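Two complexes, one shared chain (subunit A), two partners (subunit B, subunit C).
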Partner chain A sequence: MPGTFIDIVIDSTAGADPELARKLTEVCPVDIFRAGEHGLELVAEHLDECVLCQLCINAAPAGAVRIVKLYSGETLPA
Partner chain B sequence: MRFFEYESRAVVARAGIPVTRHGFAKTADEARRVAEEIGGPVVVKSQVLSGGRMKAGGVQFADSPEEAARHTERILDLEIGGHMPRGVLVDSRAAVAREYYAGVVWDGTRKRPVLLFSDMGGIDIEQVAADHPDHVARMHFSTRVPFQDWQAKQLVASLGVTGTALNRLTPIVARLARLFLEYDMTLAEINPLGELEDGSFVALDAHMDMENEARSRQRALLHELGVGDEETRQAREATPFELAGEQVDAQDHRGVAGNVTEFDGDLGLVIGAGGGSLTLFDAVRAHGGRPANYCEIGGNPSVLKACGLAKLVLTKPGVDKIAVMMSIVSNTRVDIVARGVVKACLELGFDPAEKIAIFRIPGAWEEEGFKILERYGVQYADRSVSLNEAARRAVARVQGGVA
Partner chain C sequence: MSILIDADTTFIVQGITGREAVNLTRECLDYGAGARIVGGVTPGRLGRDVHGVPVFDTVAQAVDHHGGPIDGSVVTVPPAFCKDAVLEALENGIGLVVVVTERIPRRDVAEMVEVAEQRGARIIGPNCLGIIVPDVIKMGGIGGPARDAAKAYRPGPVGVISRSGGMTTEMSSTLSAAGLGQSTAVSIGGDAIIGSTYAELMPLFEADPETRAIVIYTEPGGRMEAQLAAWVAENHSRLPIVAFMAGRFMDEMPGMSFGHAGTIVEGREDTAAEKIARLTAAGIQVAERIEDIPTLIQERL
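The block that comes next holds the complex of A and B.
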């Protein structure tokens, strides 16, 4: 479920990678990611805290993580 | 934070300033024992964090321990300025030949402490300054360079005090100035500073206020005085609204969104930034607005905290709209605050465009913040609009005029 302002879209293959889940959990400064039993999980209540730092995008394979600004329709990476 | 008189006396004594024999009592029996130990006539003084004790009957004179106990019983039941006393101070009645005043107060304009001395003690120093300005000497001093005795001597001598009195007053006034610095006081006052018939000097009453932010640094002193962490020591008890504001701010470590003070107006304020809160509060009032609250945001609070504060203000009875205003911010992200206040409106079922009278926070990530505000139709202003003008527009909107 997206936040009010921010949604994060994860590629389904990348989402199942436990190593990527660990990395994203480590890099996100506002704890949006969580390594769950079935791979990467998003913490819905933290989505709107996203500071658009793009550390998650940089830590993941190209195109695996996208940040959607719901208030403007823009997507990161552009 | 304020200290009770008996605590202020302890601080003064700790600094090496002579005080009269005294003791703190919580019951009539304790007061009787203290009076017996002192011997002779005593004064029984209510220990409340409020002025006007004498007028309210909270200061009584007793010639015997029994009389002191009787006065204590009455004083302990006496509410003064909305406060019940914590106990009484039983103080020996000194044979005073003359009363002086010595005090240090923080001068927010000069950003330095100012030391005040007067040869007319025992009454409000403000009154003396107004009626007899030639009887008040003052000097600012540095917080960085150790305070020297000669500075105190110069000040006291400027009122014509000479000889033994000057020599005896000098260390007392100097110690008071050092005490002010050492204990992070915002006010340290001895009034009256009594000259006894034998020519010695003694602090007859003392009033101390410490910078609230210094509590952790002054833990040892507070522990010695028995001041608990839970004691706010404010002039009045916090209202439920203000306590809720503390809870909002305590939600996480990110930034500040709290320090709320309740007022009874219709314009809720979500304001802050480097003195901006006070400036904006005053500006709202100057334009005829009625603030519902004061608060402080800054240091990049989380969306959660900005949202929590905005919700608190929006749901305060009587609040029509909120004004979200700060001076130009570099350490708080505009988009994060915008998300917080818009989210508060949405979650409460309000239209942000209707409920937010104005959003005027220019600074870091403002382009992103303005996109959010445009998306929800919120009126916003950039740095080309002054704080004063933003306040005017907010007041105009809440009063139904054209912003």
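The block that comes next holds the complex of A and C.
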């Protein structure tokens, strides 16, 4: 089930990087990311647990991970 | 002096006819000089009163009746209606909103915190017990009935910030028993997203000449302590800080959440051990036991 709070957009090239998948899996405090067979995967049922800490954005190359606030349409990083 | 509220602060209680709100209203009216609760709001209950406080259908009616701006609101409405209640308070010019309600959907909390920031207002909570200036005023259920709050909280030089409502009183009571009163104690709430963090309240305490030290109660989970450590390092605070970290045993149980919603620990950065290391590196003394806090504060005053 998709989240109602936020959505996460991952750059397709970055999403295939196993090292980034490992990093995001490690930093997210609420397990939104997991390393799958084909790279980075989102755990849809955890999306609404996001705390907007932005650790994923900080851990990824610039622009590779974006958070879309579904309640306002704003995207992080701005 | 104090932070956030003082004897002149006016506020309303949204959801005032609910059971908890009725008790909270009584406690605030009885405490100190008596809180200036200028109205309550419960839709459909216009014309009633709660302990002499007039009840209105809307915040706008309360503002009209008061005849001028109202400083604050204590929000005690059910989770599903909380965002609307907070936005209604903000739209009517209220600058300080204490949100007592817990289990509010996270997107609602994020939205109301962002709207408050845009309007230059401040939210305390959600899932908090409010603010108290000892012997002067309390805004929220903090400390419980006036007689009990008067025993636990005493005026003095220590600012208290706590993620747990009950522990705000416990730590303040321990300080009071040792002759160390409090300038202001703030229960900031135990949820993962809250309106005011330690780092966001520190500048207010820094600007309050009566505050000479800070005590914080922290828990595993979240990034607030890392933000505080960064704030202290960047701002060269004049205020010594003593922290108490509850739930150290949680490091042995990753993925578990205890008590407050904000205590869920998954990453490395938010374990108790990591937080203690960060706080210590920033010069914040971490107490092993609550009863050690007064001595640690006295050594730093």
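We adopt the following convention: the second predicted complex is superposed on the first by the 76 of 78 C-alpha atoms of A that agree within 3 Å, B and C clash if a C-alpha of one lies under 4 Å from a C-alpha of the other, contacts with A are read in each partner's own complex, and residues count from 1 in each chain.
The criterion applied here is as follows: a contact is a pair of C-beta atoms (placed from the backbone, for glycine too) under 8 Å apart; a residue touches a chain by one contact, two chains touch by 3 or more.
Remember, predicted model here, so these are calculated numbers, not experimental data.
*Asks:* In the superposition on subunit A, see if there is space for subunit B and subunit C together, and answer fit or clash.
*Replies:* Subunit B and subunit C clash in the superposed model.
*Asks:* Once chain A of both complexes is superposed, is A:L40 in touch with subunit B (first), subunit C (second), both, or neither?
*Replies:* A:L40: touches no partner chain.
*Asks:* Looking at the overlay, what does A:T4 touch: subunit B (first), subunit C (second), both, or neither?
*Replies:* Both partners.
*Asks:* Tell me the contact category for A:L20 with respect to subunit B and subunit C: first, second, both or neither.
*Replies:* neither
*Asks:* Could you look at A:L55 and tell me whether it touches subunit B, subunit C, both or neither (first, second, both, neither)?
*Replies:* In the superposed model, A:L55 contacts subunit C only, not subunit B.
*Asks:* After the superposition on A, what does A:S72 contact: first (subunit B), second (subunit C), both or neither?
*Replies:* In the superposition, A:S72 contacts both subunit B and subunit C.
*Asks:* Quick one: is A:A64 in contact with subunit B, with subunit C, with both, or with neither? Answer first, second, both or neither.
*Replies:* neither
*Asks:* After the superposition on A, what does A:D31 contact: first (subunit B), second (subunit C), both or neither?
*Replies:* second
*Asks:* Applying the document's definition of touching, compare subunit B and subunit C: which contacts more of subunit A?
*Replies:* Counted on subunit A, the partner with more touching residues turns out to be C.
*Asks:* In the combined picture, which part of subunit B sits where subunit C already is, 134-142, 206-214 or 296-304?
*Replies:* 296-304
*Asks:* Identify the overlap between the subunit B-contacting and the subunit C-contacting residues of subunit A.
*Replies:* In subunit A, positions 4-5, 30, 48-49, 51-52, 69, 71-72 sit in both the subunit B and subunit C interfaces.
*Asks:* For the complex, give me every residue of subunit C touching subunit A.
*Replies:* 105-107, 110-111, 114, 192-193, 221-223, 264-270
*Asks:* Using the touch definition from the top, list the residues of subunit A that touch subunit C in their complex.
*Replies:* 4-6, 26-31, 48-53, 55, 69-72
*Asks:* Per the contact definition, I'd like the list of subunit B residues that touch subunit A in the complex.
*Replies:* Listed in rising order, the residues of subunit B that touch subunit A are 302-304, 333, 336, 339, 342-343, 346, 368, 371-372, 375-376.
*Asks:* List the residues on subunit A that touch subunit B in their complex, please.
*Replies:* Going by the criterion above, the answer is residues 4-5, 30, 48-49, 51-52, 69, 71-72.
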